[in-house]
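These are the structures in question, set out in turn.
Each of the next two complexes has chain A plus one more chain, namely chain B in the first and chain C in the second.
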Partner chain A sequence: MTRLQDTLWVDEIAPGSKVGRSSKRYSIPSRVNLYRIPWLHALLESRWPQFLVRALTLIGFVFTITTALFGSRVGSHNFAIIMVWIAWWTTLKLGFIPFGGRSWCSICPIPLPGDWLQNGGILVKSERKRGLNLRWPKSLRGSWLQSSGFLLIGLFSAVTLTDPHVTGWVLLALFTLAIGMSLVFEHRAFCSYICPIGGFSGIYAKSAPVEVRVVDKEICAKHGDKSCYQACPWGLYPLAMKDSSACGLCMECLRACPKDNLALNLRPYGSDLGRPPTSSRLDESWLALIMLGSALAFSAVFTGPWGWLKSSAFEIGSQAWLAYAAGFLVLNVLFLPALFTLCVWSWKKISHNSSPLRRLIVSQAQGLLPLGLMAWIAFTISFAFPKLNLVLGVLNDPFGWGWHLLNAASSSNSLDVSGFSPYLQVALLLVGVFWSASVTRKLTGSDGTHNSFPNIPVLAFYLVYSIVMVWLLVG
Partner chain B sequence: MKDQNLQPQNSIRGWHWAILAALVLVVLLVPIPAGATAPTERTLHIEASRFEYNPAILKVNPGDKVTIELVATDVVHGLSIDGYNLEAIADPGKTARITFIANRQGSFRFHCTTTCGNLHPFMIGKLEVGRNTWLLRAIGLVGMALFAGAWKGRK
Partner chain C sequence: MIKEWLARGVIILGLVMMISIPAVNKWQQSQGVVMHARMAETGGWTPENLTAAVGKPLHLRLTSDDVTHGFAVGQLDQPAVDINPGEMTDITLVFTKPGKYTFYCTRWCSVNHWRMRGTIEVTDPLVRTEPARPPLYVTLGLNIDADHKASLTPAQMPSAWRGALLNQTVPEAYKSHNYYLSHTPVDLWLALRSEPSFDKLTDQDVWDLVAWIWQSNTSQEEVQAGKQLFTANCAACHGENGAGNGVFADQLAAGSGNAVTKQSMGEQTQKPVNFTDAPRMLSASPAHLQGKLIRGGMGTGMPSWGAIFTEDQTWALVAYLWTFQFQMEVNP
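Showing the complex of A and B:
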């Protein structure tokens, strides 16, 4: 964890004491500090550009809810369904996450009104904070609730992704919950602990090429005000950040630091991966396995030829749906976690590893992230690309009321992407499996083993998963 | 001194990757038997109901002259096959036919082309023309990527 209240050792840092090695300013190896680029510095330093983008996304969000609730009931002709589940969902997985980690969180409209209420102002915080500002219960910390939220989406996905009313109510519920939680709890409790998309983006942000980090740890440790922590709406303390999973890239710490000691770094892909874990918490490992299982399940339901499976996922409350729900939960909550645990346990036995199994699971689960991210992107090629032509139709007629705003003809046909999609999907999965195997091999030896025996059981897990995924997508 | 020590190691590493690249080319280019018999004429009868084709997986041989008879059992449904630029639309209770030569080998999805309900965009079937050689090659490549990743990550 990277929150100040969770980082006991931070309290023990005395002014003037040394924390780590003092690195030379602005020359962190393999990093390019984008904040040093003058035009980008100016763009990030002012709150206005970000505010304008967030205001636009907020307007778009409210409009989306309106079209969901009052527009056409036919999903493929409804602005909300197409813009949320085809356009935005694709952009998130193919753009924001792989190139910017949690960058979507920096412009997400959902917590915006809550931020304003909490701060008592729009651009500048007022002295008087509103709301109860309670701490989030310690027992509910971590990504357990986000994982559960994602499972819930998966259980009802066939309806949520195709029924405009359901999409509208889900968006409205998330919006209301975010506002309500901002009035009860401090910081962005909704984003940190509830939002399933936050969990999804956060876990894969570890492999992304962007990070906010302290430039010189010594300067930071000596600084008594901790203005970065005071400014962070997420309640993070940058000096204590071990990875990028919790940072929403809002840039408030960069703006607040009087020492100009924070950097927005461009870094090599996967910089947070392949390192021994700093805790033995299983929540992120579980989330990583759920993401892996969900990509598999969604590929089967939405891109497979099995109509009975689609109908089962769609007919909520029926016996067929109960069977689907049981299968989905067993796959994600029991089968994959049990199989992965068995693989790690086997390796522990084979390599005579002295580390506790729990710690090994947390460590080895890092290898699941590249494969999971690439599996999601590969699935999206099949899921969303054939439907991208529907975007023009709903921009032309957002409510399905017969408007012709763009004078464009609408189509309900799927685009033929067979010329490139099977090759692109396989290429993406190859990148994922190569990357995951590399991370797993890197971790071998750093987990308490005295030999460098390759983790064959976990590598076999990747192999089987990838083959199933390839079969689902191009078979 | 340091550079001299590194040079042979780098060249060995270079050879490893060159061998891997050669193996990748072999997996991509090695001829795989199509596993097909002589082309023939086939008529395939498909029932389309909401979000489902029955049968949903069609298997033909390369070169077959295929006629698809599409029957819509509830509402209007369509059928368009990726890679073949064909479309049939069937009214409820009626049969629509398309005939084509299955001259492209591999696995192709077909979709409903007429909005038929919420899951219409996901009403999908599959046409398999001969052996799906890309799937076999892809599985081979996955194995090689796994090995290469493990090789690269070693200490």
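Showing the complex of A and C:
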């Protein structure tokens, strides 16, 4: 496949353009550098537009916590429940992630106060920086904690997603944790290693159609200041970025680069997928499997017809709940990882592949990402769409106190998606299977062997998974 | 630097505003809670759950978003007020006893009018709420959902006046209030009929005696109070004359179809009961009728009135219901 920065072609610069900056303007095939669009350049270069959006999300976030803690305890009448778990979740799964990867991270309010304290200012960095700036322990790197955090949320999700007080305390806890971690550790330790949303946004960002990348490696190599690295709140060096999973798209590097050598690229879907892995770390593979497993579990609990399952997920601490928790953990920690390992192992045997199993798992797990992303979108359609009609009601009366902000009576008609959603969901899962299969096909030839025996066990894994998912969602 | 301070100002101002909303609301609530009334189909009361403390006045500002509604609190001696669209009705409630009170609409606003209810939880840090006493039908172990139909009925409407004029001595056991509460008119008729001393009386005479004993267990004031409650709360469905033909009767009867889905939605209704139906009424005891009234008829559309009427009010209503079967007035 065409690697980034492998093929460069010279783009003629118009006479009279800025001199002193990058004199050679590079562009990469199948990439469109959005940063070169004048109005977008202006929007991204100035800190104000992003600041205003961030201010809005931060104020909205604090408002959400307020409504959660002080508003109606009836979930469907509480702004926090509906806006976080229905409206924001839908936007995240159907908008931010599939179209922008980690784009939500660029406006997420949770790390902002910590960021500002670290920088000693909102728009300009000052000398009065706060915090200990410790390095995050090496043993805790990777997405292990994020995966565990996501499982933990999954165990209590039935209550968290319906009880405003619990939602309020969870949001407040995340907010406090993020600020606290910014004061102790350097960079975005919370976002990179703790935030479960950051975890799955990160892995799915590999398939998303945007990326921040260096335009010309030569220019970076010659530039000693590394202003981009200095500016990056995440502690990343753009030149060393192998995929988009860690980049929060905050645009600080684009603003900082004196050579104008960074690009915000529009790229084909799945550009980071299907390449041989650069490490043998299993953390992202496990996260990808957890995302598949929890999509199954949540579909069964939230959209399935089984009342006993719903109530056992609700009654935290009860025996039924312990059974649900055990089932949820076994599915995600043992069953799916074991099944996937078995699939990869049998393919290794069939194709006489000499690569170590661990490396093959890490490599093949990339194929799980498109399917996982599509499964989550399909789940969200069943889970959140029928409740979107409640959004107007909670905007009108966020606390359930009888306010009439929009002067609109809450509509009682729920959005009926039952007509088209089954087709849409089947189509999405089909896209997921084919997309995943194409990633697997790309990987098959690149795993250290010239034997390109089709990876039937892993393809079967995709197929069985999507059939189960269709059965859960469509019935 | 100006820009930096501007940005900080925006953030601090925004956050302070958001955090201060609950405090402002608390202050506003001390000025009076604004409560919106809407037909049950479009949301009912907002807010529908209020809290108050014993002895502390609760100011409510009521307004309607659609049609005229009424507001009253069950178990509370406070006259109902009307709530008109576009107007504010102020009312101040003071509770002397802790407990969970039910407020409800008192105007027939729609067929689901009786679903317009909400609660006020009144707390008193010093007093613990007493557990409610089980109603009589529970103590007696009556199955108020069982079908009941008297096999014998009087030829003409029994009259308490004629019964009194028979000048008979009825055994004390049948005249006690406890007997009245727990027995049906048919029970009493059969018991009297088997008394050898009444052998000479015709069947109709015995029915007149039953009416007379039933009447002596109720008072004029009780029947009057029951009539007022009936007219205000029951006649919408059961009809002014008790014949089960109130203004909502047809809509309720129409709700009886498609039983499976309606039952699961809690929307199943039936044609309201006809209190002039002798076989049905004469085979029901006062405890049975009171039980239906306070619990409501599951799957019929009959609301539960237990949270709203006091015990005296329920007995008054039962007393009034007998006037659909017996002539209670004393002829001059």
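What we mean here is this: the second predicted complex is superposed on the first by the 445 of 475 C-alpha atoms of A that agree within 3 Å, B and C clash if a C-alpha of one lies under 4 Å from a C-alpha of the other, contacts with A are read in each partner's own complex, and residues count from 1 in each chain.
Methods note: contacts are C-beta pairs under 8 Å (C-beta built on N, C-alpha and C of every residue); 3 or more make two chains touch, one makes a residue touch a chain.
Bear in mind that the values here come from a model prediction, so they are computed numbers and not experimental data.
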Which of the two, chain B or chain C, is in touch with more residues of chain A?
B
Given the touch rule stated above, what does A:W321 touch, chain B (first), chain C (second), both, or neither?
neither
Which of chain B and chain C A:W104 touches, first, second, both or neither:
neither
Would you check which partner chain A:F190 touches, where first means chain B only, second means chain C only, and both and neither mean what they say?
neither
A:F298 contacts which: chain B (first), chain C (second), both, neither?
neither
So, A:T440: does it touch chain B (first), chain C (second), both, or neither?
first
Just chain B (first), just chain C (second), both, or neither: which does A:T162 touch?
first
Residues of chain A that lie at the interface with chain B and also at the interface with chain C
412
Show me the residue ranges of chain A that touch chain C in the complex, using the header's touch definition.
48, 51, 55, 58-59, 62-63, 66, 69-70, 72, 121-124, 397, 399-402, 404, 409-410, 412
Per the touch rule, the chain B residues reaching chain A in their complex are 49-54, 56-57, 80, 82-83, 85, 106-109, 111, 113-115, 118-126, 132, 134-135, 138-139, 141-143, 145-155
Under the stated contact criterion, what part of chain A meets chain B in this complex?
74-77, 158-159, 162-163, 274, 301-308, 310-311, 314, 386-387, 390, 412-414, 416-419, 422-423, 426, 429-431, 433-442, 444-445, 452, 454, 459, 462-463, 466-467, 470-471, 474-475
Per the touch rule above, chain C residues touching chain A in the complex are 1, 3-4, 7-8, 10-11, 14-15, 17-19, 21-22, 25, 33-36, 38, 41-43, 46-47, 65
